[in-house]
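Given below, in the form of structure tokens, are the structures.
Common to both upcoming complexes is chain A, partnered first by chain B, then by chain C.
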Partner chain A sequence: MTDETQAREELIDLAAQFYDQFAAGQVPELRLPTRTKSNIEYDPESGVWKYGDRTSTRSANSVRGARKLLKAAYTIEFLADQLAEDRSSTLRELYYLSESWDNTEAQFGDQDESNDLVEDLEVVTGVTREDFHMRPEESGATLMGPLLLREQTRRGEREIHCQEDVGEGGYQIPNNPDMIEFLDHDIDFALAVETGGMRDRLIENGFDEAYNCLVTHLKGQPARATRRITKRIHDELGVPIVVFADGDPWSYRIYGSVAYGSIKSAHLSEYLATPQAQFIGIQPADIVEYDLPADPLSDSDINALESELDDPRFQTDYWEEQIELQLEIGKKSEQQSLAARGLDFVTDTYLPERLGEMGVL
Partner chain B sequence: MTDETQAREELIDLAAQFYDQFAAGQVPELRLPTRTKSNIEYDPESGVWKYGDRTSTRSANSVRGARKLLKAAYTIEFLADQLAEDRSSTLRELYYLSESWDNTEAQFGDQDESNDLVEDLEVVTGVTREDFHMRPEESGATLMGPLLLREQTRRGEREIHCQEDVGEGGYQIPNNPDMIEFLDHDIDFALAVETGGMRDRLIENGFDEAYNCLVTHLKGQPARATRRITKRIHDELGVPIVVFADGDPWSYRIYGSVAYGSIKSAHLSEYLATPQAQFIGIQPADIVEYDLPADPLSDSDINALESELDDPRFQTDYWEEQIELQLEIGKKSEQQSLAARGLDFVTDTYLPERLGEMGVL
Partner chain C sequence: MTSFQSTIGDEEGIAEELAAGQREISIAEFFEKNKHMLGFDSGARGLVTAVKEAVDNALDATEEAAILPDIYVEIEEAGDYYRLVIEDNGPGITKAQLPKVFGKLLYGSRFHAREQSRGQQGIGISAAVLYSQLTSGQPAKITSRPKGQSRAQYFELIIDTDTNEPEIKAEKETAWDRPHGTRIELEMEANMRARAQLHDYIKHTAVVNPHARIELREPGLSEPLKFERATDELPAETSEIRPHPHGVELGALIKMLEATESYSVSGFLQEEFTRVGKKTADSIIDNFRDVHYGRELSWEPPAAHVDRDVEAAVEAAVANKGAEATAAFAASVAETVAGNARVTRSEVATIVNNAAETVEDDTGRTFGSTVRENAVEAAWGAITGVAGDAEDAEASEDGTPLVPQVYALIDEATSTRKDDETVQAMADAVARRLVGLDGDAFRVTHDDLERLVADAAAFVTEQHDVTFGETARGNVVEAFWSRARTVPDDPPKVNVVAADRDASADLLDAMRVTDILAPPTDCLAPITAELVEAGLRKEYEADFYAAATRDAKVHGGDPFIVEAGIAYGGAIPAEGSVEVLRFANRVPLVYQRGACAITDVLKSIGWRNYNLDQPGGSGLPNGPAVISVHVASTNVPFTSESKDALANVPAIEDEIELAVREAARELKSYLKRRRSMQQRREKQDVLGRILPEMADKVSEVTGRSRPNIDGALARIMNNVSIEREVNGETVTLHVENHSSTTERVEITDIVSVEPVDPSAGSVVEMDGEWFLQWKPEVSAGGDAELTYTVSEDAEFDVSVSGVETEKLTVNA
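Showing the complex of A and B:
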């Protein structure tokens, strides 16, 4: 059974559930885990966020509730048709498309409403948005490194080696990275890099070739597709994942989103999060040790660091030590500040030293 | 003579000029076009911004001026070495790297200072930043369409067909698109698309194949690399360039930056701007004609539209009519709002109709 067929069946089962409820003379309803902060817990064992036992019910026993189920039924039909035709769409297109539905009561008032409904459908069916063929708006990572893959495109299969068959821009992963199959690789570890400037530095210096490293470019806060491919690289190829970002609280959140996922998408943790991912830097300790050019922390930096100290994802000895050190020195540094020691310092000295300390090399 | 050799010679000539001034007992100085709004004019004939006749002088006759020339001399040395070694760096790396210079007086106080200096060097040498091997921070466009190209990479040449040899993400252009040579193509026109959601819609619907169209993804406000490749596609392949963006004043600016360039980078107009580029939509007239879902204009939208009416780049009958219509209807629409007429409406109806009207098809 293909993923499309399965996703479609899950959706139709859900619609059938409404039908059965009607047939049995019951008011139709939809039950799903409560998605509030109080019902979501960080599970230290698996290292990801999970829902607790509490559930909420969307019932047609009010006009508002009935309208929600009506919209769900129309959306299920749209998604089931989309899967049957092997097509896809964006969340924004779904919102606009609802204007073409014959029943105006089923149309969405704003995009938050359609986004939330698709998230509800993800939670209740256990199928991800990608498997409904909903495309994200933003493009995912580029890859460069010793990896041969096969992408299933609408125009047939493409076999691409992510060093030999691509330009210096690398391989642009598709919106649904599950269309990729890994065929062969020579990767010792994958380095997920925050900024384009640093990504290009590593490629220019040949770091991917010298260290059998797959360089993925996070492009700031990583898209779902980027987090998904990172998880697959870790799980399927069995290689360590290392996150290389700026040395400030916003970049620690980037690391957190790769490693632990977010509260909002706890139902996707097992699909998107890579709890084994390690943070290489810029660490506050590096700012001191390598005497990096730094800027003073702003008030919002300090607030963000303090809220990270309260965040269960960062409640480890390592992060507490680093964050407290950063509050003490009152400084932050960007990854490109390593250039103050010369353009090769990052690839000749910093990364090899840190990878050694971390046990990756 | 390679581009590198020529760029390096221009830089060294500039340093030699300082040397000669010293040797002749003169206070060294650097003369360059004044880069204020009053010395920059829109040239309707070539369709781009150009500098007027006024010049300013950076002279070493003050401590401040002398320090500027010192920084210029250090930067020239760095760039000349970089070119000799066939390496490259980002503007941000240059700023940080200055911390390693032996003379602390030559170090930059902030990145604006180093950015401005590189811009001065571009203006005075007539060499672009890319030819100094300064890489941008942000990645440029992806391409998808019937184009075979050869990219010169540090790892050798790569021949890539932008439909057959790439995944659905397309071909990621390198930071310096002048490393690309066009080998063969079957392109009737190039469509530069603002949003990722619409870019993916066109690819999914096979628009590039059905219409021999090269789809370039602008990713919002286009990077220099994107504007450069767009100009090269127009000039070298002789194909029309069509910009497809949202129907709001910010997207008209995206069109303006592709077509006319910006005041700030008037010295680059001939390198980056494509005055022949046409705007396909979303036009205010389309909002009316196709009855598209729309949002009311905000105050800042209205201000932006009014300032466009005063902008010489938009002082054509076409733009005056469209902008006045938009102010009258008080609405804006996104390109994805076309989905309200169905997912194929954009490729089956809207684009073919508009391309016909514009004389492209």
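Showing the complex of A and C:
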């Protein structure tokens, strides 16, 4: 049985579940783990954060719930047909496609709604959206470093060396990184960088070559593909993963989703999260230590930091100390603020020092 | 002082000159110049007012004769004028009375009656006659056929404005097809610009007089406007009541005093006023005595340690009656006095008289009035120490003997914060001022007592530099007053009171301070909440009606009742503010809406609380509603003679508000229910569309046939679902209640063959069909099964009631 057939069957089972509820004179409903911060729990076995026991119900009992379930039924049909035909589509295409459905009640109001619904279906069926043949329109980020891989493309297999066969832009991570096979590598550690500016700085300074480092560009909050490939690099190649981001609460969440899994996709944490990933900076302590140029924390920054103190994923001694320090100094710094000490400061001084402290180098 | 009159003109005889131009003005002449006061200020309004007066009269007349009114109003163009015809089926008017009723202003039967009626002054219809003759020069043409007479009387008459007397222009006997009634025809200069108000008046009259049938024809109508009768029930008959003591004014009281045949005040009160019997009359008279004569201050008899001896004083005052009789007399007086905690001069006189009579009986000695007076004088002197033959003249002048008792009263009446010195000074000052009061009888009115105490307090304040404030003074006055006694004097006779304005005022004061039962309310004829609602139902096609009638209350001696009704939704226009219907004694008020207390009250209510739209949170609410308010009273306080607007009387305003709020509360719960029904309906609409589509989709995806979703639907919509199951010969009706309240469902199943063994319920056969009826009570979330058996194939027809159709899903 192929993945496609299995995914398709899971979807049809879900439809059958609604059918049976109708037939029994019951109100159709869909029970899902509650997808909020308060309902994620640490799973010591896998070392990642997953959904807890609390569930919420989408029931046809209300107009809102009924509309949701109607859309779910239509989406199930669409996905089942897509799998039967071995086609694929993007999340955005699903949103536009709904416009063509005969029933206006089933059409999506905005893309967030269709994205959420696909996530709901993932959660309920236990099938990833990649296996539904749904992909995000923004592709994953890029890799640059001493890694040789083979990618299964629709136009045949390609062997690519992520340093020698690529331009300055690096290797583009495909939507489904499970199509990649790692062939050979010379990587000592992988550095996941938040901003494009810093990533380019590291490449320009030849950091990847100098330290046998695989530089991953996260492009802000990392896409699933980026997180998945990061996990595979760690698990399959056995290299340490280091996250390099800005020194503000939003960047800590980027680290959090790489290392612990995101709240919205906690059902996939085992598949996406790399609990061993380490945060290199910018730490609040660095702002003080290196006397980095800083901006004052805004109200929303402070709220975000306080909310992180409540976040079970950040309830470690390290993060509590860093966040409390940041609240105390009331400042935040970007990665690029290191340029205040010269363009080479980051590659010559900051990163080597920090990597040393962390025991990576 | 310079006399104004003497400087007004230099010429002599100006007053005479002016006098030549001064003459009496007849009421009719006055009206001629002041038409607006009676609602005839323009041609448009004059027409409405004339109709109103005639219709009001017709309604009053029919009601009085207990006839269901049948009123016909016709307006037609007659050259440059309009001709107005109003016919009723009333009891008719006798030939002798007719000219005066229509041809004399201020002639009527109701002005002097305390009874709810539409007309009051006897101005209305004759004013219409006058207006018609002034504008068109035509006489009023009146036909009336009194009940029981075979022929009708026809008059043409005008009012002689100089004398305010009718002038008959033509008179004849005539035939009339109505068995009884009155018809009046007036021609007047008018226009139909106030058509809307005219229609409003007629329509609103129909609303508050659901027992009346009214027909209106006017040139603008292609067919007559007919308002049919909604009830055959006549308004409750009202009875006339006498005025209430709390509701008369001084002038009226004096007039009544002059007119009464009673001799005593007590008889006058009981005869002329409502709610006054012997007991109430006595309390009024006691109060009257207090106000008119004042009370006598009472004093404690001398205590043992005081060197004043009543017995010795009396004994000394009696001469030539023999030692034994004198001693017995003095002992008796002294003993009785000592037996009283406090006595007044009048009481001492009574004691002396009683003692004298006893001794007379015992000894045969005669104690004449001089002896008795001397004895009273002597005893009173001994009691008070200041009067009569008091021993120490100087001390008695200063009131010293009174000081201890005065001190005790003041000390008790004032707060403990007053130091002893102040109290002592006050006691001295008061005692000094009491001496010689009313010849030492200490008779004083409340007002005088207040002045006396105030004077003493002012003296003390000035002399001793202490304060003796208003509260303290008031307390002192009350201490004396409450211990003073009403005097035994007889109240003055009625003719004396009538002749003395001050005495009349005293009587009025006494009447006002006496607690008297509220006036009876059988003089009022409220429409009743049911008929208020019926009236609205008749003229407004609405979704909801509510009405409230308050209990009777009193304002200025006149009882009144307020009723309110609300109609909402349906065909009532939703745009703009709500329609307000104002009524007073069943007469619609059409003009001066803004000046009316009813409007004021409606504007002051926070309508948003009652789920009505009220822009800015004040003023009249918006929406498809009609609010009607009826004030019934023996004397409706209008702002003017034209009777267009209620005056702002707080007692009435309060009742209006309460009545309107009562009806509005019902409206609120209706609107709430309707809103939730609406939401339920919307939900039902949406879910009723979505769920079948979802069922179709899942059956498509799963490749199975379409599932039955009725059960799911019923559950979702908090429905009561009724489903039939036929299993061989057994028929089962499943009743499921998915709502959150207990439902009492009435189910009737009409079966084409005879049903056997029905579970409970009743079976009735009618024309070959069997009506099976159950009334199960199904609790929230519960269900019931109703079964029976049929021997062969049968046809069923189920009908369900007791549950709102929105909540019902029948699949049977």
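Operating definition for what follows: the second predicted complex is superposed on the first by the 255 of 361 C-alpha atoms of A that agree within 3 Å, B and C clash if a C-alpha of one lies under 4 Å from a C-alpha of the other, contacts with A are read in each partner's own complex, and residues count from 1 in each chain.
The rule we apply is simple: a contact is a pair of C-beta atoms (placed from the backbone, for glycine too) under 8 Å apart; a residue touches a chain by one contact, two chains touch by 3 or more.
Worth saying up front: this structure is predicted, and the values here are computed from it rather than measured.
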Original post:
Can A:Ala16 be said to touch chain B (first), chain C (second), both, or neither?
Top reply: second
**OP:** Give one of first, second, both or neither to describe whether A:Ile229 is in contact with chain B, with chain C, with both, or with none.
**Re:** neither
Original post:
Which of the two partners, first being chain B and second being chain C, lies in contact with A:Val27: first, second, both, or neither?
Top reply: second
**OP:** Considering only touches as defined above, state whether A:Leu70 meets chain B (first), chain C (second), both or neither.
**Re:** second
Subject >> chain C versus chain B, contacts on chain A by residue >> reply: B
**OP:** For A:Gly170, decide between first (touching chain B), second (touching chain C), both and neither.
**Re:** first
**OP:** Pick one for A:Thr90: touches chain B only (first), chain C only (second), both, or neither.
**Re:** first
Original post:
Which positions of chain A sit in both the chain B and the chain C interface?
Top reply: none
Subject >> chain A-facing residues of chain B, complex >> reply: 87-90, 92-94, 96-97, 99-100, 135-140, 142, 151, 153-155, 158, 160, 163, 165-175, 179-180, 195-197, 200-201, 204, 206, 209, 217, 219, 293, 334, 336-343
**OP:** Sort out for me which residues of chain A touch chain C in the complex.
**Re:** 11-12, 15-16, 18-19, 21-28, 60-63, 66-67, 69-70, 73-74, 76-77, 80, 103, 105-106
Original post:
Can you list the chain C residues touching chain A in their complex?
Top reply: 682-683, 686-687, 689-691, 693-695, 697-702, 704, 707-712, 714-716
